[in-house]
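The two complexes that follow have subunit A in common; it is paired with subunit B in the first and with subunit C in the second.
Up next, the complex of A and B:
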């Protein structure tokens, strides 16, 4: 039986309570009659033979010669790969990156290529830890490259390993990892979890410096990306595409390998998280009750460890290789095939439950800035056409939003939250007044380069990610959040979904139309 | 006269210490302070004047005294029993200027003590540095409010030497005038920072003194940036209004200083730091914090009265930090101004320009002294800054005696 597509349910009196993520936990909430719930499509069948499919596309790429024809003895080969921010949650071994990189290395070895360097395409993300690298690449790759210094992580602050390739027609500097840009061949290994990922963004963002990134990671770009998940209406993508074309014109030969995955997001014992509530089996109900009750009695730290040790059974649904734009067109089709759900019109209120993880807190705390970014950045923008909520409408997010930060991974976030947001939450004002000083702060740069810290400017990007939503919405309400932290974000706090819906009426009037985004598993709303 | 009298009583002193360990200001109910009907203090000399207090503030050092927590260092330079209260605006009684309003400069220096020639401190105008506060024709007492002969502000009558009196300009309200004395302390402390033009200055604490220091720095010095640590929301608002560039919660001070000065973090301290830190709290924690966030060879100014504390001075030694005290007032030469000026003159100017009368949050009659002191002890938590006694109508109020 083929997987069922996404589905929009209209709540009636017989509809069971709706499961909503609430950080490191979940809740059952009763939505008012007439509310809509947008469910993701069921997982597509994964490829039966991923390794075979990978080998096939390497030799049968689109708009490119086969990989084997691009490899020759004496050449410099760099293999860049997406970092720990993908996929979410981290997938079961073997990771897609491991499978692809092993195949590329087999081809390189067969062609007699000796000069091979691996680069984690971090952009301004934190450096990956050894266990994370081992998980993504496998022990065989790690042990072959890391001891010799050939497994590297992109350092956007290393002046000796950056090269300025030029300026686009729009005046955007393109500055990249020198090793990657001066190699005879740059193979990029991507995992496309959402429609924003991949394409020219892989190299132009993942291997770039702050000097380059600031041209598209800014408030203006975000306000002109509607949404940044829709590459045809995204200034973020337009900028990356301009840069990508300049990179190609500069002579950098990129062999892009992109993959898509299905929505089989959670392991068997949490299968109820992926099901429609009225289809829960007795086992699902028991699973929900047992895990809810156990989690309620578990200390925060342990609960976080439990969730972050979760490994996703996610399956590979497609792999394509070759020229960047041709590859990405296929990738986007495959993402849409899995995630797109048609939704008829906008609503006054959009509700969502936010989970424990986003791309920037793998193995860490989801701090309040990341809560904002996940809700107003990622989830709000999971649309094509129009946002799920109307202009001036209300977004209600369920998340504990603790006033808590990981000082190792997110040091500049703490200062951003305590010093910048204490003064203003206006993205434009924040950008104008504070970005430069954080971006060039020597302490943050030191921690980014030598520790596992996100770059000093990263919390600004998280805030900019939500700029379109902040501009669009009339109010944001957080259910069950730490009131002080929620207030600092500039949002309103509610103790229950019922209270939040009542508060929303102050903005959108009585008996508002309501849509609930039932994710994750992820979906993309095609709003007509 | 009606007065709050502080007597030497070791059992009551101990009781105050115990009570105040539960709640700051708790010593007022059980300690050596009592409300009494006393004889007016005698005039120590013909030139001395009698003053009827209008408002008298409750200061941090008063709280320490009432709570039995002040240092034994003061024992030889105070005399018992005394009437506390050294932040005073009052009216002159008798003489050609009868009824004129005055602010008291409480230090009892050589002039007030009839000592000729004056000590080096008093000769230079720095009465706060007087070497003879335990000598002369009046009993020991570093200030009015700690001397058995002069009375103090927490009463309906005190005596003052002309050298201690400053006329209040007609347009200046009583709320403003009662803040002049602590403002003078703040001006002196701000100017004790040295040349801070363009420098980063951190202020630890945002009670009355901390807020006044922020105002004084902004008004008389030309700092590059003032970073203030304030615990309570109203303190943060006032610190911003009075001129702080960055106001943070106390736990965020080191991070704010680090970010502003672009220093590196090293353990619990910083590689660099603020050029000057003014500690307006005076606790072991605040001194340690000040030492942690000041740059090497920077200056820490102790403004809050510290008492006995235990602090690791290794960073002071290693970073060659200057640790200086800032007590009272005298004469100052603010940057860009000619000549030495009495600190009180500058304080009058500051109080007027920065509208500091707004810091007075509550007035109490003497009868409710325990409530007043409890309020002052919990000022931050209760959204207050300066709590004062209102003595204007005390003569018309019935006298009330404590049960003891």
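Up next, the complex of A and C:
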């Protein structure tokens, strides 16, 4: 049976309670009669022979010569790949990156290419740990390159390994990883989880410096990206495209390999998380009751370890290679094919349950800033056309929002939360008053370059990610969150969904229209 | 509302009745306007019986058949087995096709099959009756090695399963009528048994069962112990160019001849068969009361009797019994 498309359910009296993520756990919440629930499409069938499909596209790329024709002895080849932030949750072995990079290396070996370097396209993300690199690339690749120093991680603060390629028509600096930009061929290996990923953003963001990134990772760009998941209305996209074209004009030859995955997000024992509630079997219900009650009795640290050890069974639904823009057009179609759900009109209130993971807390704590980024940044922006909630409406998020931070991965987040958010939550004011000092702080730069810390400026970007939502919404309410942490974020705290809906009425009036985003698995609302 | 009085107090029994658990403890309800997907069927013809043919189950069933089923059959409906010599030299797989009058037919046939067939035989059982729930499917799969079969047609799934099992060396017991006789006379034979024989090349052995309808006929409320008779016929195979429909016709004729043999004797039955005068299994083509009448009174034998019309008949009958 072919997978069923996503759809919008109108809640009636016989609708069972709705599953909502709540950090490292989940709840069943009753939504009022008349509320809408946007359900994601079912996972598309994965490619039967992913390795065969990869080999095929390398030799049959779009708008490009075959990879084998681009490889020659004596050339400099750099293979860049997406970092630990993709896919989510981390996928089961073998990772897509491993499969592609092995195929590229096979071709390079056959062509007699000796000078090959692998670069993790971190941008300002934390450096990946050895187990994470081994998981993404496989032991064969890791053991072949890492011991010789040929498996590198992009360092956006290394002046010796950055090259300024020029300035775009809009005055944007383009500064890239020197090894990648000066190679005879740069092969970029991408995983497209959402419509924002990929395209010129891969190289122009993933291999760029702070000097370059600040041109599109800022409040103005985010306010003009409606949404940043919709390429045609995204200033983030436009800026990256300008940079990407300048990169191409500068003579950097990019062979882009993009992949899309299905939404088969959770392993078999958690399959109820992907099902529609009225289709839960007895086994699903037992699974829900057993895991939710066990998790409620589990210490935070253990619960986090359980969830972060989860490996997703996601499958490859498409792979395309060749010229960046031509490839990305195909990729976007495939992302939409999996994720798009038509929704008729906006509502007064948007509710969502936030899971335990976002791109920036893999194997780590989802701190309050990341909660804001996931809810107001990613989930709010999962739309095309118009937001799911009207201007001045209310967003209700369910998440424990603990006042907890990972000091190794997120050191600057702690200071951002304690110092900056204590003063103001206004993105423009934050950007103007505080960004520079955090971005240039030598201690944060040291931790970013030598440890596993996100760059000092990264929490600012997380806050900017939600700037459009903050500008659009009348109120944000967090259900079940730490009241102090929620207050620091500038949001309201509610102890239950019913309370939150009552509080929302203060803003949007009585009997509001309600839409619930039933994600993950991921979906993108096409709001008409 | 049901209430009982205990002294001065009244107890509302309805309030004591457990209420259905709400989701997620109980099953979810379905929102309106949503297509409810058909659950993957695991009953009826979709019931998976593979487990019942695995070695441990077969061993357990062999113990059950030898230790429980056969002793009970011989104690309650002792069979007179005729024609086993016709199966000499015949090796599995074989398709045994019998008339069907009672739930006792299957244990009876399984109990009377030669050992080389008995423990490696599956029984085609009505998917809608024996496999309509999973627990029933489990019981019959274990006790009788039953496999689900569509009764009214040769469905691809059930036919494929039966053919696959025959291909694996399993013999098949099948009732071509598709169900127990409603009135004592046989129903027209469906073509399934003959089709499987043509498809797999397995010999088709006609079997006639008598006496089980009296012991536990359709709709009977209690078991009436008594003797039975199982008559095996000569194995049939499809001739050159013979299709399943013609083979099914031959099968029905052979079973009718076996029935005739049971009522009379082998020689008379063969003579009538040669002359084409074998009484049809389906009984006379007449009004229902005459068909019932033609069966004769339910007595200890299945001998066909015409109604006793007067004292002379009664006296003659009494003398014969003496």
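Everything below uses one rule, namely that the second predicted complex is superposed on the first by the 528 of 528 C-alpha atoms of A that agree within 3 Å, B and C clash if a C-alpha of one lies under 4 Å from a C-alpha of the other, contacts with A are read in each partner's own complex, and residues count from 1 in each chain.
Here, contacts are C-beta pairs under 8 Å (C-beta built on N, C-alpha and C of every residue); 3 or more make two chains touch, one makes a residue touch a chain.
Computed from a prediction, not measured in an experiment: that's the story for all the values here.
Peer 1: Of the two partners subunit B and subunit C, which one touches more residues belonging to subunit A?
Peer 2: C
Peer 1: Applying the touch criterion given at the start, work out whether A:17 contacts subunit B, subunit C, both or neither, answering first, second, both or neither.
Peer 2: In the superposition, A:17 touches subunit C alone.
Peer 1: Check the residue A:419 against both partner chains and state whether it touches subunit B (first), subunit C (second), both, or neither.
Peer 2: Touch partner of A:419: subunit B, not subunit C.
Peer 1: Give one of first, second, both or neither to describe whether A:528 is in contact with subunit B, with subunit C, with both, or with none.
Peer 2: After superposition on chain A, A:528 lies in contact with neither partner.
Peer 1: With both complexes superposed on chain A, which partner does A:446 reach: first (subunit B), second (subunit C), both or neither?
Peer 2: The first partner, subunit B, only.
Peer 1: Regarding the shared-chain residue A:140, is it in contact with subunit B (first), subunit C (second), both, or neither?
Peer 2: neither
Peer 1: Going by the contact rule set out at the top, does A:437 touch subunit B (first), subunit C (second), both, or neither?
Peer 2: After superposing on A, A:437 lies in contact with subunit B but is clear of subunit C.
Peer 1: In their complex, what parts of subunit A are in touch with subunit B?
Peer 2: Against subunit B, subunit A makes touches at 414-415, 418-419, 422, 437-438, 441-443, 446.
Peer 1: Inside the complex, what are the residues of subunit C that reach subunit A?
Peer 2: So the residues of subunit C touching subunit A come out as 23-25, 27-34, 36-37.
Peer 1: Considering the complex alone, what residue numbers of subunit B touch subunit A?
Peer 2: 246, 248-249, 252, 255-256, 258-259, 262-265
Peer 1: Give the list of subunit A residues in touch with subunit C in this complex.
Peer 2: 9-12, 14-17, 28, 276-280, 282, 285, 288-289
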